[in-house]
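Both complexes below contain chain A, partnered by chain B and then by chain C.
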Partner chain A sequence: MECRMTKDDLLGALYLAQGIVDRRVTLPVLAHVLIQVGNRDATILATDQEIGLRRRCGAAVTKRGAATANARVLYEIIRSLSDGEIELRSDERHHLEVKQGKSQFRIVGIEPSEFPAMPAVPDVKSKAQLSVDAEVLRRMLELTLFAASSDEARPALCGVCFERRDGLLHVVASDGHRLSLVSRALKGVRPEPGVILPRKAVTEMMKVLDGLSGEVQLTFGSGVVFLTAGDVELAMRTVQADFPSYEAVIPRETAHLLTIANGPWSQALRRVAVLAAEQTHPVRLTFDAGKVELSARNPELGEAHEEVEANYSGETFTIGFNARYLLDVLSLFPGDSTVEVGLQDDESPTVFRVPEEPEFLYVLMPMRLS
Partner chain B sequence: MREQVNSVLRQLRMQARSVEQEAALGALRYVAHDGERCLLEVKPLLAPLAKEQLLPRIQALLSELVGRPVRVHIRAARSPQQELFPFLPTPEPEEGEGAVGASDPYTFEHFVVGPSNQFAHAAALAVARNPGRHYNPLFLYGAAGLGKTHLLRAIAHAVREQHPTLEVRYLTADTFMAEVVYAIRRDRLQHFKTRFHRIDVLLVDDVQLLAGRERTQEELFHIFNTLHETGKQIALAADRPPNELLQLDERLRNRFGWGLVVDVQPPDLETRIAILQRKSHLEGVDLPYDAAVILAENAGPSVRELHGLLTRLLAFASLSGTEITTALAQKVVASSAKGVDRPVTIERIQEVVASFFGLRVQDLRSPRRSRAIATARQIAMYLCRQDLGASFPYIGQCFGGRDHTTVIHAVTAIERRQAVDPELRKVIQSLRGMARSGEGSEPSPWKTSSA
Partner chain C sequence: MNEQAPLARKLEDRQEGLAPGERRVVVLPPEVADKIAAGEVVERPASVVKELVENALDAGAKNIRVELEEAGLGLIAVIDDGEGMSREDAVCAFQRHATSKVRTLADLERITTLGFRGEALASIAAVSTTTLCTRRREDLVGTRVVLEGGKLLEVSEIGGPPGTRVEVVGLFANVPARRKFLKAPATEMGQVSEQLTRMALAWPNVAFELRHGRRVLLHFPQTARFEERLAQVFGRDRAASFLDFEAEASVGRVRGYLSPSHFSLPSPRQIFTYVNHRYVRDKLVTHALLAGYSTLLMTGRYPLAVLFLELAPTEIDVNVHPAKLEVRFRRGGAVHELISRSVQERLRAQLPPLGSGLSEGDKPKLEFASLPQIEPLPLGPPESTQREGGAVPQWVLEVPWRSPSQPPSSATLAPPQARPSFAQLRVVGQVFEGYLVCEGRDQFVLVDQHAAHERVVFERLRSSYARGPLPRQQLLMGAVVPLDARAAARLVEYGEEAERLGFEVEAFGMDAVIVRAVPALLAHLDPAQLVRDLAEELVEVERPEGLARAAERVFARMACHTAVRVGQSLGVDEIRALLRAMDEIDFAAHCPHGRPAFLVWPRTEIERMFRRI
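Then we have the complex of A and B:
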């Protein structure tokens, strides 16, 4: 194969490939990208056998064909070249030649046919496909991914679940201690009930969506979900597990309601949490008329105490939370937004909402205070 | 449900038979219920006692109070953080994966080295420092409770710390088997293989459990070859050396012996004292030397038993608010020896019956049918039914996965024979006594699959 491509195009594709290729290299070919050159364009492919990336780029083609190269090496080379055109050529010994001006590289490749086949977007009716604005989807993922678990022993929780119910698309994640849910009415929604995509897939999806605008497509195949966004196609294997039924843990009504300004509350939490015990970061919150008192104590380090103004008129009430779980969610909203906290008692799930973004909901389990 | 649980606990507390029981009943806390199941929590120190001695009665009383059967689960409270899905299975850190964190007790630091395990320790340490370079595979063997698991997990821990880029996996043969079955059922065998081929350090515990599992052995064989060829580290543990693992495929046995085979012996007195001191230090308790000597002299050969005695002593001291003295240690040792309330379990019955008939517990669980074994097995099944009230299917499962009808037959057969055979009646009587007291048997080297 032989072609010319711009640095921008190549680098964009290789950047996405970086996140996907298998760093632990079981099959050497999985550390490589495959460059397929067609009649008038080139496609760059990368996979770890769980996620597959296919990115089409414009190319001035001299000769069709394919070549592979180590993804990291190629990325480093392309990144260090100057802007403008780059020549790519492969020889019969599967070397890839990269040329720009007086710079010349010959990279060892692998027989292109060894590159694993990638699933193709199935030809499905529009029902299994969903069109969504790239920014909306990205935000939905951002609002949920952080709550997913990284404990691989519980695969169902190690990702983000997509599900249609009551005419809405629900995107939800939980690590067993908290749950983050975004529900939106979208056109043409029909994922199978409870499709889970692993953390890595969602992270890569967010990278693809970054900076993109306009409609993108999610297609739900059997065991695979495809994201089609402009020139990029991502095939993601789903997690073979059932997401726990979470409806029941979302409190419908709560006894106490508090509204509080996000900024001052987050800042106070950050300060107080410095003295919270490591690992679980327990912080004690006492709700009182017109205020919340935050405190933390660590027998080895000392104590912290702070009061923040809040809109609250119920009875005085104390509850413990992991400060990190609170800050994780508060940091996703602007400082001048208002947070609504619905509380039942100090052992029941607590609901957090932000009126500016009513599609979102966060449920957090308290900590026992000794 | 919370109210009903609390009322049951209050009621039982008035009938508590020991300080420990009373303390456990006071510390048990309702967590959640979902109609048929009810989850309770208690601090880790009291969890084994609560599960063994209190659970059945709590379950019975609660079901009666609620008016329908409720299955009660008791678990050790590990974190003050409460959970959204309390019934979602959480992997037990003792088994399988294990969260390796600051609190992981299975590190080289916490391993007490003595003449009995020095060699095994040094080999494990060498493997952890340079995985894949020396002793590949490393094969540790020895009786239960001598620290094989500890060493394997210490390797995992140390490799994760010193070589964070390497992929480490510790699992028991049981877990491995479950994963093979899962992969076959879900048609994900390729994915399963890819996942294992990625591993840089593979640690498989209790490989004797692979006996008779041909498909699982086959998968392990292939994984072993791939990893070994690419210079990845493998370490294994079993209750006997590779050449005695007769129920394993010969190819596998051979390979297990390729590297270094080391045995772990029961610790001598000095090491046992050191183990007790280290352990109590970890618990943040000051254990006087003399008390340690008393425990070390009286515990059986296994380190687990040693830990058991220590836990009992610490629980006793903390619950009764007394200091740890030699007198208290003697009391604990005496009560354990007499087995005042040594819980009778299916494993216990199997141990006692097996040792009485000069068999191994494994024989009772094996498919073998020689007359001597068959009778012993029937007696053991009978005792499990009569004295523990275990269900027929469960008993069957504990005896090598036999059908419940086999158990029913055994129990009826023994009942019938007892009626006409006074000799058998006497044997059963004395077996009952042995099961309740601590006599008559060595702890079994076989791990039971708790269901």
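Then we have the complex of A and C:
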């Protein structure tokens, strides 16, 4: 194969490939990208057999064909070249030649047919497809992924679940102590039972969506979900597990409601948490008329107390939380936003909402402090 | 010790004092009675050696030579340069319960000498032909006493050096039954040399020599420094790695030398424990020592340790066992606490200073130089200056026990409270997806990522538990955990204890529980797995009192599940976080199962391996 491509096109594809290629040495071909050159464009593929990336780029084709190269090596080379056109050529010994001006590289490759086949997006007219604005989807993922577990022993919780409920698309994640949920009415048909995408897939999806605008498509195949966003196509294997039924843990009503400015509250939490026990970050919150008192104590470090103004008129009570679990969610919203906290008692789930993004909901279980 | 030994000879026959116990139904002929009694004290050549050497020590000897032929059956000779005996004493010494060391019943309550029962010589003489030659320094002529099968054959005058020489010929010749039960000569010789080593450890200011035929088996020259004796016995390198400590409580004092926790042996035979300079093999003392090592050693592995307890004579009863191997403590609990606590504290401080804490002057600290397969460095404490054979064994009073392995001028050594810094190590990389390769100042450090992380988690759990019930993170969705009925019942029964450990568990039918909360420290893990672990450990607990111990096992097991595995490749950030965490905890040296968490080679070791030095 032989073609010319712009540095931008190539680099954009290789950047996405970086996150996907498998760095483990079990199957060397998985550390490579495959470059397929067609009649008038080129496609760059990368996969770790869980996620597959296909990125189409414009190319001035001299000769069709395919070549592979180590993804990291190629990325480092392309990145350090000057802007503008880059020539790519492969030889029969599977070397990839990269040329720009007086710079010339010959990279050892692998027989292209060894590159694993990638699932193709099923029929575009399939019923299991929905269209969504790239920015909206990215935000939905951002608002949920952080709450997913990283304990691989529980695969169902190690990702983000997509499912249809009450005519809405629910995107939800939980690690068993907290749950983050975004529900939106969307165009298209949604998956009925929950489909779970693993953390890595969601992370890569967010990378693809980053900076994009306009509609993208999610297609739900059997065991695979495809994201089609412009020139990029991502095939993601789903987690073979059932997401726990969670609607029962979302309190329909709570006894008390607190309204508080996100900025001052987050900052106070951050300060107080400095003196909370290091691993579990326990902080005590006391809700009182017009204010929240925050405190933390660590026998080895000392104690911290702080008061933050809040709109509260319920009964006075104290509850313990992992400060990280609070800050994780508060940091997703601007400082000038308002947070509504629905409280029951010190051992029931607490609900967090932000009026600016009414589709979002966060449920957090308290911590029992001695 | 000998300054406390009564100077009087073995004169008093204490038979009257014990008369009620001696009443006989049928009076045995004295030869039979003597042989029976002898059997209690004199089991084998090693016991003869023990009794005779103890007598020599009680007599203030500075040089003790033991000579054996035919593994002691031909000849056992013990030659000392102690104070010797007068003619009358020499004869009396062979009467049963003849002793110079105890006179009244009250004396028995405060025994400070090694021998006291007045049985040894009589017992030995009963089963052999025994010749005693002795001369006091002030006497012109000495005395020679010969007995055969307990009968006095000869008392005569003899010349010779000051001191006492006891020769035992034909041991058990007249007791074929006993002779039959002796083991192979090599085994019997092993016992003798072990026996002598035990005594030598407690008496560094006495020279010991053991010969078998023409071969010198042991030779421990006299030394003023206890560390020097350790070096003579265990070798210089091993001795240099010992961790020394000293502690005191109302019940008494304990001093000791411990092998660092990375070193272990498959049997407890290298544990030497002494009560008031008497070697004892006491369950309580050994248990306390091992409790001090606690989780630092794998099950079935033992340390090398030398422990000296000094208790007021009224605190102990040594008259429990004929061979005086056991003692009875008046306040056993306090003794146990003293030992286990001080051992634990010393081990906590054992970490070698890593990175910046270390400088050239620290070389004698060789805790990690004696790694398997690698020859330790030929370094050690400087040669001791031999002291003249003064009357008072000053090593007890003078030896700087606190820092024997450290040169006194070494100001560069980090004090035990200064934590070594793993965080300051330079991370070179990871090998075999399981071991972190790091560089400290003049040190090559290898960290087992799983063991290290396990220890980190374990210590976090343990220290949090020590401060109170573990904080519990509640679960959004109570998880149903199927268990066998016994485990489920046990979990519910111990609900309160489980809560202290950070769990909220409710019954769910007969053979399952619902878990509502888990320890916040382990909140990222599968609650079902945690509860299964907890249940398995609780089933083992027989009584609720045992829960404190169970807690430790629960934590160890959970830590193991939590920790990063070997086979998991770690990023630089993760490695850094792990090393930082290792700095925070108390015992970074081992994983809770007792495997080492890291190994350190000094630069000199590496250079030596490459024959650069």
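Just a few scattered comments:
Keep in mind that, in the parts below, the second predicted complex is superposed on the first by the 366 of 370 C-alpha atoms of A that agree within 3 Å, B and C clash if a C-alpha of one lies under 4 Å from a C-alpha of the other, contacts with A are read in each partner's own complex, and residues count from 1 in each chain.
Just so we're on the same page, a residue touches a chain if its C-beta (ideal position, glycine included) is under 8 Å from a C-beta of that chain, and two chains touch if they have at least 3 such contacts.
Since this is a predicted model, take the numbers as computed values, not measurements.
Taken together through their common chain A, the two structures put chain B and chain C in a clash.
Looking at the shared chain after the overlay, A:240 reaches chain B, while chain C stays out of its contact range. In the superposed model, A:249 makes contact with both chain B and chain C. In the superposed model, A:109 lies in contact with neither chain B nor chain C. In the superposed model, A:49 makes contact with chain B only, not with chain C. When the two complexes are overlaid on their common chain A, residue A:279 makes contact with chain B and with chain C alike. Of the two partner chains, chain C is the only one that A:149 touches; chain B does not reach it. With both structures placed on the common chain, the touch criterion links A:179 to chain B and to chain C. In the superposition on chain A, A:299 contacts chain C only, with no contact to chain B.
After the shared chain A is superposed, the part of chain B among 134-142, 152-160, 170-178 or 440-448 that runs into chain C is 152-160, by C-alpha clashes. Annotation: chain A residues 24, 151, 153-154, 174, 176-179, 244, 246, 249, 279-280, 282, 320, 322, 347, 349, 363, 365-370 touch chain B in one complex and chain C in the other.
On chain B, the positions that touch chain A within their shared complex are 79-85, 88-91, 96-97, 99, 101-102, 167, 186, 188, 191, 194, 197-198, 200. Remark: chain A residues 22, 24, 26-27, 49, 151-154, 156-157, 174, 176-179, 240, 244, 246, 249, 279-280, 282, 320, 322, 347, 349, 363, 365-370 touch chain B in the complex.
On the side of chain A, the complex with chain C involves touching residues 24, 149-151, 153-154, 174-179, 244, 246, 248-249, 277-280, 282, 299, 320, 322, 347, 349, 363, 365-370.
Note for the complex: chain C touches chain A at residues 460, 464, 467-477, 479, 504, 517, 520-521, 523-527, 529, 569, 584.
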